[in-house]
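Quick notes on the structure that follows.
Lettered A, B, C and D in written order, each chain numbered from 1.
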Amino acid sequence: MKLRVLFFASIADAAGARSLEVAVAGRETVADLRKRLESERPRLSGKLGKCAAAVNTQVVDGSKVLADGDEVAFLPPVSGGVA
Amino acid sequence: MTKVGPGKISVESAVRRVGDAGSGGIAVFLGVVRDNDRGRAVTAIEYHAYPEMAEAVLARIEKDLRKRWPLGGVVLEHRTGRLKVGEASVIVAVSAPHRAEAFEACREGIERIKKELPVWKKEFGRGGAVWKEENDLRRAKAPRGRRRRVLGATR
Amino acid sequence: MTKVGPGKISVESAVRRVGDAGSGGIAVFLGVVRDNDRGRAVTAIEYHAYPEMAEAVLARIEKDLRKRWPLGGVVLEHRTGRLKVGEASVIVAVSAPHRAEAFEACREGIERIKKELPVWKKEFGRGGAVWKEENDLRRAKAPRGRRRRVLGATR
Amino acid sequence: MKLRVLFFASIADAAGARSLEVAVAGRETVADLRKRLESERPRLSGKLGKCAAAVNTQVVDGSKVLADGDEVAFLPPVSGGVA
């Protein structure tokens, strides 16, 4: 099964990409994916834990089980709006 | 009416769009790029969004504001891209029968945008560019969940 | 910047005039003519002012707002003459470094205008025209006098 | 000595005028003027007491002594701004 992974702001800089296609072999939660991406990409190490995660635009917690075709976004703390 | 994108924000247009024959008050808030951030000189700000999610978040905020106050019109917009000092990054405009409702809803709108909207800013100033990362979306989500449980387990 | 007169109110112009490089937030309130007053149909409102005094009152309100909050720009305007439903009768626009200050100052500005400005409205609707006379200026004056005495007798 | 007197809104309607030139013989306070105008113009009777008074655009109370050239405004409760 396949996922689309999105990175933003400093996380996109660290990942060197704004989006990735990721293949998943078996059952995987958001927390599993977070761990796997951090180990595959040393520059992300320790960073994804500071991000919220959204699946298909809904914020979820780490226990969320991923499904084929999901869009998983790692969202660093936001800073829209105003001072 | 909600929008996230690179188009310039027009306060005139927002006020026209929230106008409503039954509303006596219109409250508007504009966030604009300042020339400093706690003393550090700022020359421009780049706003990056997760557009699909940001649109969904603004729509949810509009819905929640309408539930809580008797609003005529609501406009919530956030601009993306590179903005110079003085340009507006965000607008909240609401109309309501009376001024208290308009002020309260407008304030709540901008507070929620600040906490919940998936938009990030990169500040350009002396010494280069820095990402400002301030509000963890996991914190924004918690109170809503808690409130729902208190009000009743059926929904 | 303050004004009382028959010219149309422009929110675009007010926002431009309060703009200030050090201000991150602009709050605006517009009072607009509603199609009803507590259920009674309204077709138009005529605003009459005591212009010289109204200008002085707006100038005093601006001064007081600036004393209390670190405002960049302030626009206070009240229109006179006959207005149709949907037209703006009054605008308060302020800019400030942060949003809380902008909201508070804007709210205080409209509250004081409502209580202190020598302007009267005549509502046109079914059954003719009625003067709405609501806030006694003698009440508006008392708290300022009292506050001054508490703070010190020298001024 | 001479005063200029201004009326507004329902008071102007009742007075049949928006302004008057008024001559004053001796010492007169705002309260005295109020009483005199009400007795000279029966349609104002009982109405000026509901008005604030301003002398030269400053709200004053009834004890204020008038001076030559003063502009005295009788101000019914105001209704500017918004609903």
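Miscellaneous remarks
Note that a residue touches a chain if its C-beta (ideal position, glycine included) is under 8 Å from a C-beta of that chain, and two chains touch if they have at least 3 such contacts.
Quick caveat: nothing in here was measured; it's all calculated off a predicted structure.
Annotation: A-B is the more contact-rich of the chain pairs A-B and B-D, by number of C-beta pairs in contact.
Per-chain Cα centroids separate subunit A from subunit B by 24 Å. Mean C-alpha positions place subunit A and subunit D at a centre distance of 73 Å. As a whole-number value, the distance joining the C-alpha centres of subunit A and subunit C reads 49 Å.
With touch defined as above, residues shared between interfaces to two or more other chains in subunit B number as follows: 24-25, 31-32, 34, 97, 99, 110. Annotation for subunit A: residues 82-83 touch two or more other chains. With chains as nodes and touching pairs as edges, the resulting graph is of another kind, matching none of line, ring, star or complete.
Pairs of chains meeting the touch criterion: A-B, A-C, B-C, B-D, C-D.
Per the touch definition, subunit B reaches subunit D in the complex via residues 24-25, 97-99. Subunit C meets subunit B in the complex at residues 10-12, 15, 19, 21-36, 85-86, 88, 95, 97, 99, 102-103, 106-107, 110. If you check the complex, the residues on subunit A that touch subunit C are 82-83. Only residues 6, 8-10, 13, 50, 52, 54, 57, 59, 61, 73, 75-83 of subunit D touch subunit C when the two sit together in their complex. Per the touch definition, subunit C reaches subunit D in the complex via residues 31-32, 34, 37, 47-50, 52-54, 56, 78, 89-90, 110, 113-122, 131-138, 140-141.
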